[in-house]
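The data blocks that follow each hold one structure.
Both complexes shown next keep chain A, but they swap its partner, so chain B is in the first and chain C is in the second.
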Partner chain A sequence: MSALTQSRKRMKIWRYWPLYLMMLPGLAYMVLNNYLPMFGLSIAFKDIDYRKGIWASDWIGFRNFEFLFKTEDAFIITRNTLLYNGAFIVLGLGIAVVIAILLNEIRNKFAARLYQSLIILPFLISIILVSYLVYAMLSIDTGFVNKTLLPMLGIDSISWYSEPKYWPYILTFIHLWKGAGYSCIVFLAAIIGIDPEYYEAARLDGASKWMQIRTITLPMITPVITMLALLGVGRIFYSDFGLFYQVPMNSGALYETTNVIDTYVFRGLLQLGDVGMSSAAGFYQSIVGFILVLGANAIVRKFNKENALF
Partner chain B sequence: MDKENRAWQWASHTIMIALSLLCVLPFILLFMASITDEKAIVSEGYSFFPTQFSFQAYKYLWMQADQILRAYGITVIVTVIGTACSLFITSLLAYPLSRKDMPGGQAIAFIVFFTMLFNGGLVPTYMVYTQLLDVKNTLFALIVPWLLMNGFNVLLMRTFFKTTIPVAVLESASIDGAGEFKTYFRIVMPLSLPILATVGMFQGLAYWNDWNNGLVFVTKPHLFSLQNMLNRIMSDIQFLSANSNGSVSESLSQMPSETFRMAIAVIGVVPILAAYPFFQKYFVKGMTIGAVKG
Partner chain C sequence: MKKVRFTALVMLLACSMALAACGSSNGGTKNGGQASNAPESKIEELTVAFPMVSSAQQDIQLVEDAVNKITEQKIQARVKFMPISAGEWQQQTNLLFTSNEKLDLMFVNGSLYSGMVAKGQLIPIDELISKYGGGITKALGDYLQVARLKDGIYAVPTIRDLATSYGITFRKDLADKYSIDVSKLNTMEDIEHAFKTIKDGEGGDFTPLIPSGVGATYLENYLTYDRLGDGIGILPDYDNGLKIVNLYETDTYKEQLKRIRDWYLKGYIMKDSATNKLSTFELLRGGKGFAYFAALKPGFEEQESQASGVQVVTKELLSPIATTSTVTGAMWGIPVNTKLEGKAMEFLNLMYEDKDIINLFDWGIEGKHYVKVPGEDNVIDYPEGVTAQTTGYNMPLGWLFGNQFLSYVMKGKDADIWNKMDAFNKNAAHSKALGFSFDAAPVKTEYAAVTNVITQYKLALETGSVDPDKVLPDFINKLKSAGIDKIIQEKQKQLDAWVQAGGSK
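After this line comes the complex of A and B, so read on.
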């Protein structure tokens, strides 16, 4: 009996061979690009010696991690990554919600569409071009800020690319500038989806615009806000490499406030040739990042199964 | 009530105009700076209203046209081939996963989904591509690593196939004797143009704007994409003249370096701004096309 069902099952699978064949290129790519590197994380426990080859290099246990966490860098990159991403999540969502509400209020549809198109512009260009725009603003001898803006306010020139204290504000501003216009689209869609009858009923009861926003719009889009916030928390250990590497022009004087895990790993691997340190930091990022994703998802599930990722 | 409404309109327009200007003005500054005279830059800096205009920077760009066009060519090739291959393998993986009748679909969907939760990061990926595959300084390096396919797009397409292509259509095709491949290319693909356009546009943008693969895997200037060339010029303004073959280097001393920087950035921005009106429609649509669930 069981032999019969088994052979029937095999027949069924055989019937679908064209579908399995279709999936082959994609799955092969995932093995190469995603799964092999996952196993490759084990090189964090090795003393990589290119002459011996990666596979033959010696296992050294946790020595790379010992070195990494003894340095001051481990603390700095963790702190920077968490603080920047925390600020990005809170301010990013806040500003996107405000923009979405304002865009929704605008009655002139042509104007609303024009504004939306314009504020998405920064999202389209590469971070390399963003770094050129920032350079035009902040260049020490020729920048718009030092040559036009600060003199108007009667302030002396600031050498932006060697003063770390300004960069938390600069980078946060650039992140919001580049991303807020785009992320407001999700909220705008959610707001447009709200049943207009709620607002009509509220108007009949004499509720002001402000009241309507507070008691109808915001509560209705709260699930979307929560979901995006938790997705952000799940990715809080990963940062936008380009923003932290290209925009400050890889300036060593700024590392204190611009070095994050991703830039540290990159510099260790490709500029300093310190593979051990670099792979240990990468391992730390992958594992903690994974735990955070699972944690964030568990929290969402607890409140609302519908919004959970899995 | 009416008065309140008007106040809201005024406030909304004012804030949105301010934000729009904030997003647009840096581009205008970039352009104005690129057509400013180099001497004026030294005294007054990059300005929206330069006192002296000059196209010297563009003339200089023109002298390096062969290298710039080459970088453009690389970017175009990578974008076209990359996007096409990406759409092909992504949709071919997504379609079977949308079929509820295929055995093992759940498990494979999880394999795809898991890549969104956990990844090896830069170092192991770099090792796979350089030690195992040796892609350094090849066109593959600009197309394959990281960019070619991602779990998110696969699941996005799967959701689309699941929700918009009726099972009855697939069944009747199968009864008519169409094989799976024929069904896919003749029926599923034509019905899926919206999702293919959306994912294709995001992929195209990702390839066009990519500099990371070039930075990690490419050291030879003749393989630099537009973004990599821009990246290098930022730190090394002499990059182009150092790489050209002799005849241009006599003008090295008179290079308008500060305006040249801006002019080359303008060259990088213009294609995106020019193409934007055409793909804008898909852009907003793509963002709202539907949630992905594992």
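After this line comes the complex of A and C, so read on.
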């Protein structure tokens, strides 16, 4: 029996050898690019001395990790990172799915293309430019909001860059505005891939548009949604550095609501330039991300085995 | 037969490898200075890294070739330039170190100096200097000792303005319009009075005081204390009996913040200061502002006026002072990667005494990128039909390449500038801690945390954007909980040890 499967396996390899050959460069790339550098993780536990080289430098245990947990900022940055990314995952996926469904319902080819392009446009704008667009809106001296919008409503001008309380909304809005168009492409592709016969059958049975969406479209794309959600959860400890550093113009007064792990590490180590401490931060982020992905996947599997990633 | 041939091949390979090893060890140890013009010695190649600010220099290869012509003859070495964009400097050089790439001589940014030494990135060069660095010692004099750390000297400061005086810069047209005599503005009250005149005259949204750079505060160019590098633990009045204090807890600091806040509320300060992303020159050209604080040096007025296109006048408020930071701001060191430290030092020495090499770095090739003005010995001009914009080599970093005092002066600028600068350096007062550098490595956990707290509060406070009565106590509390006292303690300990070891001598 086992001999049989083995020979069958060998047959398979033999039969598809061109495919395996094509896989080789990719595999080699992945080993070189993703696995070899993992030895570098040891840097996080070392006091790097360039005279001795990386391997011979002294081991110092978890000392490089201390600065991440030592101050009261540790709580703020962890909270901000988790809440923002949590909101981004939930709202981002929700809005992307809605947009994808809406786009799919547009029958006019030209209009569909136009809207799709318009929605994806912000994704292509550099975050630096975005930060200046926001600045043009919110600046105290010259901003559109303070100079035109608020006076029209009879409200006093607000110094946006020193009021932390507005920024969770501003940053979330910018993130959704920038990213929704891109992530909806995946859903759009999944929706287009659904067999039209389902819809025909549903229409014959007299199902309304809403019913079709609820009972055909959504269940059909649930695996894609779970997959993207899991990927998002894996990166929940990483944040979009540009968004949190550039868009608030690195304004100190806003740190309470804009400081995340990545910006904290960047600002703290700018002066020291310590590779050990920065790899410690990276290591911490990836470990937590890894555990969260495993955990989330386990939960998904409990409810619906088919939708789990592995 | 086949086997014999293989053995022969191996032998040949081994021989050639041994020979190569011989060659390089020869070059490494034998380099007997200029004296040994022995033609049989091998020409070594030095890799020299430095930051570059402007975009691609199309003729940099030609300049490199011209430098090589001189070095091949004088020190039997060739030089390979490795210009790195200034914005990527730290990242790129860190990569060079981690991958142990060939690098024999490099620019050292003063604020990273002690950190680089603590990480073992630079080698001590005392002996090399005494062996090959005659020109360096002669040109720098006592200022060379400022770069001395606990275990020796690891980098050589470039020769430029080695001290600084703090003052304020005014737009000349506005000063004239309101007949303000800037030479009479001696105190902050005088200056405030001038601001009031301007504000009343120009009215509306006009704010007289603008930042002296992107992300700059209004206090960092008016320093009555030695920041001891990073401002975390400072020395009031450049002395204080060498007792370090926490700047942010001092009364002086509090008063200064209050004044800035007062000016902010009165409308003397640009409202967007804390988030400003425009350079001072852009603001000036846009007709914004009247004055900005600045670190002065001889020729500063001229330099600023030319760079901004707006005529400015300056007034010195604090007399010239030399601190470790002003001296070690720009240096050259020999990285641990090198195997040619002797040659590297010989080349570095040329950068301090060889007029031709310095001017190749600063101005390019004579006849192609510049011509000498007839009848003058160190004044130059662009050749016919070439301007600063069209030249193939424009390196506005004279202060970076060794001894700037041997550099030519572009026509239209003060031809006597280097004499004045030399006098400025020599006459400047010395901070009592001149020569002391802090190594943050023993407290780096606290250092990262404190740095974060400072970036959070400093800019907002020192631009008057927030009320110091409310925010300053928070700031101080957070600094304490981040461990600033531990850093100051460590700094004091190192300072005491430095004094014990002989101090500034």
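We adopt the following convention: the second predicted complex is superposed on the first by the 208 of 310 C-alpha atoms of A that agree within 3 Å, B and C clash if a C-alpha of one lies under 4 Å from a C-alpha of the other, contacts with A are read in each partner's own complex, and residues count from 1 in each chain.
In this section, a residue touches a chain if its C-beta (ideal position, glycine included) is under 8 Å from a C-beta of that chain, and two chains touch if they have at least 3 such contacts.
The structure presented is a predicted model; accordingly, all values stated were derived computationally and were not measured.
**Q** Examine A:73 and indicate which partner it touches, taking first as chain B and second as chain C; both and neither are also allowed.
**A** In the superposition, A:73 contacts chain C only.
**Q** Once chain A of both complexes is superposed, is A:110 in touch with chain B (first), chain C (second), both, or neither?
**A** Touch partners of A:110: none, neither chain B nor chain C.
**Q** Pick one for A:181: touches chain B only (first), chain C only (second), both, or neither.
**A** In the superposed model, A:181 contacts chain B only, not chain C.
**Q** Taking the superposition as given, does A:51 touch the first partner, chain B, the second, chain C, both, or neither?
**A** After superposing on A, A:51 lies in contact with chain C but is clear of chain B.
**Q** See if chain A has more residues touched by chain B or by chain C, and give me that chain.
**A** B
**Q** Would you check which partner chain A:147 touches, where first means chain B only, second means chain C only, and both and neither mean what they say?
**A** Touch partner of A:147: chain B, not chain C.
**Q** Looking at A:161 after the superposition, I want to know if it touches chain B, chain C, both of them or none. Which is it: first, second, both, neither?
**A** A:161 sits against chain C, while chain B stays out of touch.
**Q** Looking at the overlay, does A:139 come into contact with chain B only (first), chain C only (second), both, or neither?
**A** both
**Q** Check the residue A:267 against both partner chains and state whether it touches chain B (first), chain C (second), both, or neither.
**A** Second partner only.
**Q** Taking the superposition on A as described, I'd like to know which of chain B and chain C A:277 touches: first, second, both or neither.
**A** Only chain C is touched by A:277; chain B is not.
**Q** Across the two complexes, find the residues of chain A that touch chain B and also touch chain C.
**A** 53-54, 132, 135, 139, 141-142, 249-250, 269-270, 275
**Q** Along chain B, where are the residues that touch chain A in the complex?
**A** Residues 1, 4-5, 8-9, 11-13, 15-17, 19-20, 22-24, 26-27, 29-30, 33, 41-42, 44-48, 88-90, 92-93, 95-97, 99, 101-104, 108, 111-113, 115, 117-128, 131-133, 144-146, 148-149, 151, 154, 179-181, 184, 205, 208-212, 216, 227, 230-231, 234-235, 258, 261-262, 265, 268-269, 272-273, 276, 280, 283-284, 287-288, 293-294.
**Q** Would you pull the chain C residues touching chain A in the complex into a rising list?
**A** On the chain C side, the touching residues are 90, 94, 97-98, 100, 111-112, 115, 119-121, 205, 215, 230, 270-272, 274-275, 277, 336, 440, 444-449, 451-453, 455-460, 465-466, 478, 481-483.
**Q** Would you mind writing out the residues of chain A in touch with chain B in their complex?
**A** Listed in rising order, the residues are 9, 12-13, 16, 18-20, 22-23, 25-27, 29-30, 32-41, 43-44, 53-54, 99, 102-103, 105-107, 111-112, 114-122, 124-129, 131-133, 135-137, 139, 141-144, 146-148, 177, 181-182, 185-186, 189, 203, 208-209, 241-242, 246, 249-250, 262, 265-266, 269-270, 275, 278-279, 282-283, 285-286, 289-290, 293-294, 309-310.
**Q** Which bits of chain A are touching chain C when the two form their complex?
**A** 48-54, 63, 66-67, 70-73, 132, 135, 139-142, 159, 161-162, 249-253, 255, 259, 264, 267-275, 277
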